[in-house]
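In the two complexes below, subunit A is the common chain; its partner is subunit B in one and subunit C in the other.
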Partner chain A sequence: MAKELFQGIYSSHKIVFIERIEKNLQFYLKDKIANIKKSGQEIILDIDIKNIDFVLSELKNNPEFSVEILNSIVFYPSKNANFLLLSLASMSNNFSLILKINLGVIEKNEDSELLENNKLFSDSLSSLSLKNKKYINLLNYTKTENFLIKYNEIIEEISKYYKNANNFKNNKILRQSVNDLIIKSGVLDGLDFFDLYVQAEFDLIVKAYMDLTIAEINSNDIFSAIKFTDLLTIISRLDYSAGIFPEICFCIGVEDVLQIKVSRKVSLIRMLISELFRISNHIFYIAKISKVLGADLCFNKALIEREKVLRIIELYTGSRINPNFIRIGGLKEDLSDAKLLTLKKALKEIMINIDSLETLLLDNSIITAKLKNIGIINKDVAVKYGLSGPNLRSCGIRYDVRKNRNLLLYKDISFLIPVGKYGDCLDRVQIRFNEIYQSIKIIEQILNQITDEPVKKYLRFDGVNIPRIETVASVECPHGAYKIFLELEDEYILNLVPITPSINSLFCAQEILQGSKVEDIILIIASLDLSSSEFFQRFYLW
Partner chain B sequence: MVSIFLKVIYVFLIVGINLYVGSYFVNKIAGRTVYKRGYTAIKDGGVSYPAFKIFKYLEKDSKVGLWDFLLLLFSFFIWVFIPFSNVLILIRFDNDLIISLLFLMILFFLFVINNSKSKYSLIFNNISRNVVMMFSFLIPLFLNIASLVLINRTLALKEIIGLQYRNWNIIYQPLGFLIFLCIIFLQVKIFGLTKTDKLFYGDNWGIEGNGFAKLALRIANYNIVFFLIVLTVILYLAGWQNFYFINGNIMFLLKFYIIFFIILLIDKATPAINYYKYLTAINLKFLTPISVVNFIITIVFFMLRNVYSLI
Partner chain C sequence: MEYFFTKKKLNIFVTGIGCCKQEIIATVGPIYDISRFGVNFVSLPEDADILVIQGFISSLGEKRLITIFNSLKTPKWIIAVGKCVVDSSLLNKNYKFTDKFKNILKIDYYLPGCPPRPEAFIFCLLKLQELI
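Right, the complex of A and B next:
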């Protein structure tokens, strides 16, 4: 199976006509739009809160757009007003857009005024030695009751068109009503960002609710008022299992705004390292699943293989988890031929070992009996909840940002996007194995294509006056489509809003847990590959 | 009178020491197979680890019920009729095979009663399913013992061992021996003896019933597994019979630990089976049919030899 997949030759990417869609939007929505612009492969659509009903109905029902998917709803405060971001996507027309809704100025809470006048707070700001305090965003919404009521009303309006919008509501009643069984966060390995409330009849789950309020953190202004050149050192913490993807996504966004072109070698090396991270993440996933299944042998074998990949990553970037390797317009350093040779040697060994790991894990009837027909996600459910990445592909929908968008240089490389059939846990595990083989195939092609070119660009942004500008960029991370929305002014970041894929998988889990057994809870949640670091953000309002 | 007291002390010493050594090896193998990364290598399974673990159980506050004491008591009572050597038997009885199996069944019943105290219906559901699985494994077990009794024509364990002075019963009943091994292996799986991480254990044995109750449960688990292994050694591998120049008692110990280690290693190489549908499938589609076939073959052989005297 692995060999057949590996040796096949497959067509490259699909072509997207963003400009055509942009023109259509302008034609159909006309004066309802405040502003529209193209940002890389995405469209940012600026509208007012009054027009939300008209715009959403047009987007959903017009066959020119037919936007079926709502990925997430994110709130962020800006200087003049507060905004709501809807990340939308269309499968049939192959495009995605960000709908930016202007909420107007919202009354300030007493707490926030207190904060501004607080001496301790101002002292702590001065200790940070920030020159320009005007870039700092105070959280001027701070969940006043009036605001939350208004927020819920808006979301109800959105939920007429997209049913999964209800999940983003600020909802405390659900938590109180669903509490036959409470699974505390520490019980599940690596999944320490939610409490699971379950209502069950004997051992069948009737209703499940995941309470994410425990994941709130106090570091409110971690990304605001930071120079965007300094951000690269900490941005990989947004995804602890695949740290390179936030870095690449951020750099693509900034390069798009500043219109910096990168050399071919830079893109190739970015692809190479991102594929290495994809392999390491998927092997870690397999290790977690085999731990849940009690297959100790597979667990240990998978971790040993992951160690090999992590050591190569360490050799290249200097760090195993937080690479800090990508720079705006280039890379931190060049990769020598000796370094590339070690990867070439290791790849063959990794390929053989993972193939044997697959036979060890999935040729076992005990394991397949446990995985089969559990946690089934239909195509409709997957689209309804806006899943992306391997979880979506396991349901039988062929969608990958690497091929559907013009991302990096993936169009020059022959590889297959593996697709599942039934959408159960077995398909989800199998698809990870197949993606590892494809990643190895991609890396082998990249190693043959790398030529001698400079990879560094010495750019200075001190004292550069960039007008206030916003941009979006997206990459395909191992969990799904990963987007970063940026707001820049001069050399500072005003807002950095990550729009992450794990949130959709989590809401989807709430539905597929209904009707399954209590003993399968851990297996189903583990099979969705949730990345906990994606949830520690201040922009959600549940 | 004195000699009986001495015998009691001997038997419980043997059982106690082997319990200690057995749990030590279980922890050792579990600790060895954990993949150790970085500088945080955990030393899991030193010589004093089981004793330390007993104190750890006792340290926690918990209610101790009558059933916990009964469980502990009966887990040691099953050894009363088992002959450890030619001399070392506590109570001599002609049909000791049946009585010791009855004690095993009493222990299983106590498991059900002990678990029914659980506050949580969900947890009780899961555990009771597993205990019912333990009961269902008695069907192939009894069938194989019946076919073995047909060959040896006695229900006394001591006589069964004596009859194997020339050929071990494993030669006549290889299928029966394999089914015994399978059953012991599945019991180890159900109890989760070799599990290092209790968090992933679907049915919360580890979470409810800490303290003395947990200790009693654990000792009962070990005793059941040990009892089944000793039964296998006696029935199929000729118990304490001398092996050429090697002493019989040493052979008994060797056979016991060889089976014990084989089961531990198989257990580590296979995934957890705490899925009741799969357990029933193993029992109804694999173990019971084979033991029925074994029984029929034995009866046919018996009739041909003893009734028609053809063989």
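Right, the complex of A and C next:
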């Protein structure tokens, strides 16, 4: 199985012309839109709150766009007004866009919650110097009751077109009604950021609700009045199970605005390290799954392999978990031939060991019986909840940002996008193994293509005058399509909004838990590979 | 063999959400193999001797941390792991865990690093065993 996949050739991908879609949007929506912008492979569409009905119906029903998927709804405060970001995607036309809805200025009430936020905010203001204060958004994060009612009304309008929007509602009533069984946050990484409220009849689950209040971590500093260069050192904590991806995503976004072209070697090394991180994340996933299943031998074997990959990552970047390696327009340092040689030697060993780990885990009939026909996600459900990444591919839909969006230099490299069939837990585990083989295949090709040319290390941005501007960039991280929305001015970041894939998997988990047994809860949630760091945000309002 | 009879066997309970947890879990595997020192990871605070605090902690997490600390059996020890707990939180500079809880929790060992390596965590536990 591994050999067949390893030697397979993938047919060339469909080319997308974003310019054509941009023109069509301008033609059909005319004066209903305030502004339209193209940033890299993404489109940002500015609209007013009045026109939301017209625009959504046009986007959904017009065959030129046919936008079927709503990925997430994020709220963020800006300098003059507050905004709502809808991340939308079209599978049939192969494009994605960000809909930016202007909510206007929200009146400030003297609510207790608001005052608390203000106090926290004034603390962080006092620690900044006078020069930086200009770049802070003085409109604060407001969670007053009036605003939440208004927010829920908007969500209801969106849910006429996209049914999964209802999940983004602020619903405190649901939390109290579902409480036959409460499972508090666990110890294992990926199961520690939620409390699960379950309503059950005997051993069958009727309703499940995941409460994320334990992950609401106060994070004022990271998102405002910070320089690009300072942000790059800490941005990897936004997805610490695969730390390189937020860095790459951020750098692609800024390079796109400033129109910086990176050399071929820089892109190749970025791809190489991101594939190494993908392998390490997938192996850790297998370790976690085997821990849940009780297969201790596989858990230990997987940790040995992960350690090998982590040591190579440490050799290249200097850190095992948080790399801090990518720079705007370049890299932290060049990779010497000796370093590349160690990877070449280790790759063969990793390939053989992972193959034997797969046979050990999945040729065991007791384990496959535990995984088979549990937590099934249909194609329709996957599209309805806007899943992405390996979880989507395990349902049988071939969609990968690396191929479909021309990310970095993936178009020059031949690799296969593995697809599952039934969308159950077994498929989800199998697809991770297959992706590891493909990543090894990609790395082998990259090692043959890297040349001796020197690498540009970094660019200086002292005293650069950049006008106020916004961009989006997306990468394929191990959990799915990872997006970052940015607002820049001069050398400072005004707003940074990560739009992350694990939220969709979480909402999907709430649905597929209905009808399954109580004993399978932890297995189903662990098989979806939720990353706990993606939920540390102040931008979600539910 | 002498080691097993002289030193105390310890059970560990880990709290918090953060990247240090990956490095702490890595010590279980055969490469670092923390169990050769008689150290175990448990999933119930009632069984544990040592509380490991790491990562980012929310306001609900703080309340839960204190209930977990109270349900630990005596004698109990606390290890603070990572920059976010030892110094100030990475995502919010004004939040200082050790200052906030200095009257409630008595921390025995501070383990700096972002995240600390698995070897450092094992070294910290060996130091604690000497103390016991």
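Please note the rule applied: the second predicted complex is superposed on the first by the 509 of 542 C-alpha atoms of A that agree within 3 Å, B and C clash if a C-alpha of one lies under 4 Å from a C-alpha of the other, contacts with A are read in each partner's own complex, and residues count from 1 in each chain.
What we mean here is this: a residue touches a chain if its C-beta (ideal position, glycine included) is under 8 Å from a C-beta of that chain, and two chains touch if they have at least 3 such contacts.
Everything quoted here is computed from the prediction, not taken from an experiment.
J.: Answer with first, second, both or neither: which of subunit B and subunit C does A:Phe202 touch in the superposed model?
T.: Only subunit B is touched by A:Phe202; subunit C is not.
J.: Quick one: is A:Asn391 in contact with subunit B, with subunit C, with both, or with neither? Answer first, second, both or neither.
T.: Neither partner.
J.: Is A:Glu307 contacted by the first partner subunit B, the second partner subunit C, both or neither?
T.: A:Glu307 sits against subunit B and subunit C alike.
J.: Does the superposition put A:Leu297 against subunit B (first), subunit C (second), both, or neither?
T.: In the superposition, A:Leu297 contacts subunit B only.
J.: Between subunit B (first) and subunit C (second), which, if any, makes contact with A:Glu519: first, second, both or neither?
T.: A:Glu519 sits against subunit B, while subunit C stays out of touch.
J.: Which partner, subunit B or subunit C, touches the larger number of subunit A residues?
T.: C
J.: Do subunit B and subunit C touch any of the same residues on subunit A, and if so, which?
T.: In subunit A, positions 187-189, 299-300, 303-304, 307 sit in both the subunit B and subunit C interfaces.
J.: In the complex, go through subunit A and note every residue touching subunit C.
T.: Residues in contact with subunit C: 120, 123-124, 127, 184, 186-189, 192-193, 213-222, 234, 237, 240-241, 243, 284, 299-300, 303-304, 306-307, 320-322, 532-533, 536.
J.: Can you list the residues on subunit B that touch subunit A in the complex?
T.: Going through subunit B, the ones touching subunit A are 33-35, 37, 121-122, 125-126, 195, 197, 199-200, 202-203, 268-275, 277-278.
J.: For a test of understanding, state which residues of subunit C touch subunit A in their complex under the given definition.
T.: Checking each residue of subunit C against subunit A gives 13-14, 17-19, 21-23, 25-26, 28-31, 41, 43, 56-61, 64, 89-95, 114-115, 117.
J.: Sort out for me which residues of subunit A touch subunit B in the complex.
T.: Those residues of subunit A that touch subunit B are 181, 187-189, 200, 202-203, 290-300, 303-304, 307, 364, 366-367, 369-370, 518-519, 522.
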